[in-house]
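I've put the structures underneath this note.
Shared between the two complexes below is chain A, which pairs with chain B and chain C, respectively.
And now, the complex of A and B:
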């Protein structure tokens, strides 16, 4: 698995405040996405989940359910619909974790 | 961008499916002969994929009732329930369904799809939370697209997964509305309803149960899972369809809620579509009488389920987790499923084929639905045919070879 964390320092800062490290959130997301990776292209914060990977919408929703339980948060379906990239998903998770 | 470009992936998958010869989504029933037989591609076929659980589509008393109603009241109502489309018979049907469940109120819809779509999207509004099973029917998912409520999925048939989601809501304002199904339409499994109800009670959530596939099949009186699980009083809304066990078309919702009638002027899928034609209302009323008068149909259905399920399991097929009027046969991938389905058609047996994205967890299935009036011989023949195809396609191990090898 190749995860690029360059350019994430500012979000890392935000993460420290929320108590859920950005690194851990990204790692957890990637753990679920690796099986859908195409070729050698690394999964980065910019990866568009539904487009750059071979994952269908149902599998995305199932992954979200796993992430919800891992972080003990709920991500409503209408919020999921607005999420496109790995970074956006991580932002959402961190935001919800902070509110917990 | 072309209008269909966004469906390119689906189009490609569909093209692959069609290369197998028949198109499973465009099968033509040239002539339906009975609940269990039809002419397809010029040949008589055994039907094991019709949701016609009691075989009532050809029940003489239901057919007569429909014919009589057409003569008396014409072919259609040409209007909605809130305009010129409420006949005495619609109201009588609603009373009879309410009585059947021992509930105070009933609303009849033109399809079960519309019942779910309208009811769910109306009951859960802005500021509410809608919690649905991950394997919910399309009509429930579509309702979620229409509501302003927050929608969260929980793991299929997993009360602890629902509980976690209700717990996380804490003391946030808003009604919690939970949607469950009596029997799930792809794998034929039932919800652990009692456990779900306990969780819902603990968190003060409203419960809607869709009994589409369980009406007639479950419960001492055929009311469905709510009855067999002993929780009829704890289910705030029960939804169902006339298009399966009752052999016609239409949907309904029953409830004890004192303000129920407000739904008649708020649920858009009830208000803005024509009501059921008199013939359908008449056949459904008669079918409900048959369900009440002939519990032996239920016994016969489960005996047939047992024959098919146990028979296929004994041959080594991987099936849905429990006995049910729907028997889902797992196959390794979509192309094998389509190939298997087609081989069955060639052998004179029609079942449904279900492949992603229409299936949970990306599984590929042959979806068989059992009918009370299937004969044991028909089902045993089917097991035989499926075993042959299963071995040919390498889905089942060829046990004959292994026995020969072992004897050497």
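And now, the complex of A and C:
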């Protein structure tokens, strides 16, 4: 019997499937983005990477490359072109990790 | 897997002189050389001898002909560096269709801009088919929706799914077009340069011949240049093909990620010929220098060409100093000059001289449009150094003309015109735009420069020229002044002028990689200070959020015209602070 608690099951399930917890993925993304934070606004899942931060296209490319290396995945260019927010980037990484 | 051989065992090296692209490929297919693809780790992905390139292309051609495509129709191809590009580009050549190579999307969130660009390219080329990377099949379908003339679109599967019919090939011949090249400066209103087979053959003859790279037995090429750019496609696909060389490829994306792989592969495969714009050499120094393998050996690299942007002596000197301990010979540098409107190449520097510069007096240059040798070449406040870019190819002519059209003497700065067999017949479907640049068999390059003992020195683009109080100021000078002071990075500044009614006012747009009011006002002050110090003009500084970026042309060059248009449209609000 599964007891629904605070979404923990969901998180654990995702972690099991993907091998990467959401938290870990978000942490890794934020590690790259923090230097480009503007003012006091925190980076959240809704942060639009190319708009809400002071990051330029070359630095974005670097970040994507390093994330790909870190998680040993390859994000197809059409998928990259449709990513806007931190959440979308995290979703993509988790999905690709699961398929790995 | 081993890379393809550098030499053909029996096939004699034949430097250009072919009638057409299909004729070049038919000849190269008799040997063992070909193209090898590498990934960012320097691992070999696949290798296609020219023979296999031809065989695969002929299969594609029979499918295209069998599907009913008519001679001369256009097929758009996303020109990533992968075997599918070779299948479709050369397949079109054997089917009598005209390829239209286009770029691929880059970066996060770039989908909409890319779709817009595709639609403009569909409209400009009147394409009836569009193929590309499987990943981009959805984008091609989206963009093609408004174009009922497009009868086939998708990944390579779409092409391969067509039945191969027993039809005769109908290769493009010597009197026909070869492909349509979208030229630089054409992001918004793309101009498709018509590359004819004849002009291409003439340009290739110059490129691989004695006045160009003087290709010899044992040469091996390597390139990371995009195949949607003339320097990538003509310089580093057609060039090696025209002389049956093997060529090794990295994608532009992988080069940007791991610039050292470019040099590693040169070292490993003993490559002899490679080109890059100045910024590629810069990238290799800035991002590669920290990870140079101790056994890197660049002694084999005999032609390190520079083209595609203003050749920058300081960048090349840094590259040479960084890699000299690894056998890089600075006399291997070959500054050159060209553009898609002449296929690719106009001038090459002589061999084994390296980068030669001419230091001229800034005042005479600005006020009298004369390149007078500087009294003290090392005094940067009074001397401006330009790279000498060599002689025009045999069979071609180059003139520097004044405002009245008269040919100018050495050291007088004017507009560069060229004529000869490499010149385009015009832009595809744009007689008016063609007439603007083609006059009496001469091409107005739109560039400024001066001659020096039969060689050309390019000083900048005519249309970007800023005139302040009757004084000519090159926007590059302003940008470099800001960059030289390390106020901002290379490529982060764009200078232009606006008409105030009383004269021109210089505006410098810079990417503001700082946060906070203090940081922003400090940056604006430093930029204005650097410009005032180096160029002695006052300027307005406008801070552009890096997220917005500075606009570039399709070939990645800074577009000052679009920066200016954006500025005037108020895109860079809040209003610039007066410096």
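Going forward, the second predicted complex is superposed on the first by the 84 of 100 C-alpha atoms of A that agree within 3 Å, B and C clash if a C-alpha of one lies under 4 Å from a C-alpha of the other, contacts with A are read in each partner's own complex, and residues count from 1 in each chain.
Here is the rule we use: contacts are C-beta pairs under 8 Å (C-beta built on N, C-alpha and C of every residue); 3 or more make two chains touch, one makes a residue touch a chain.
Just so you know, these numbers come straight off a predicted model, no measurement behind them.
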Checklist entry - If chain A is used to align the two complexes, do chain B and chain C fit next to each other or clash? => result clash
Checklist entry - First (chain B), second (chain C), both or neither: which does A:61 touch? => result both
Checklist entry - Which touches a greater number of chain A residues, chain B or chain C? => result C
Next on the checklist: With both complexes superposed on chain A, which partner does A:49 reach: first (chain B), second (chain C), both or neither?
Outcome noted: second
Item to check | Which superposed partner A:72 touches (first chain B, second chain C, both, neither) | outcome: first
Checklist entry - Of the two partner chains, chain B (first) and chain C (second), which one does A:21 touch, if any: first, second, both, or neither? => result neither
Checklist entry - Of the listed segments of chain C (110-118, 128-136, 182-190 or 290-298), which one clashes with chain B in the superposed model? => result 128-136
Checklist entry - Common interface residues of chain A with chain B and chain C? => result 56-58, 61-62, 65, 76-78
Next on the checklist: If we count contacts the way the header does, which residues on chain A are in touch with chain B in the complex?
Outcome noted: 56-59, 61-62, 65, 68-69, 72-78
Checklist entry - Which residues, counting only chain C, touch chain A once they are in their complex? => result 104-111, 114, 133, 135-136, 138-139, 253, 256-257, 511-516, 545-547, 549
Checklist outcome for this item: Residue set of chain B touching chain A in the complex reads 134, 144, 150-155, 161, 164-165, 168-169, 356-357, 360-362
Checklist entry - Which chain A residues qualify as touching chain C in the complex? => result 37-39, 48-58, 60-62, 64-65, 76-84, 89
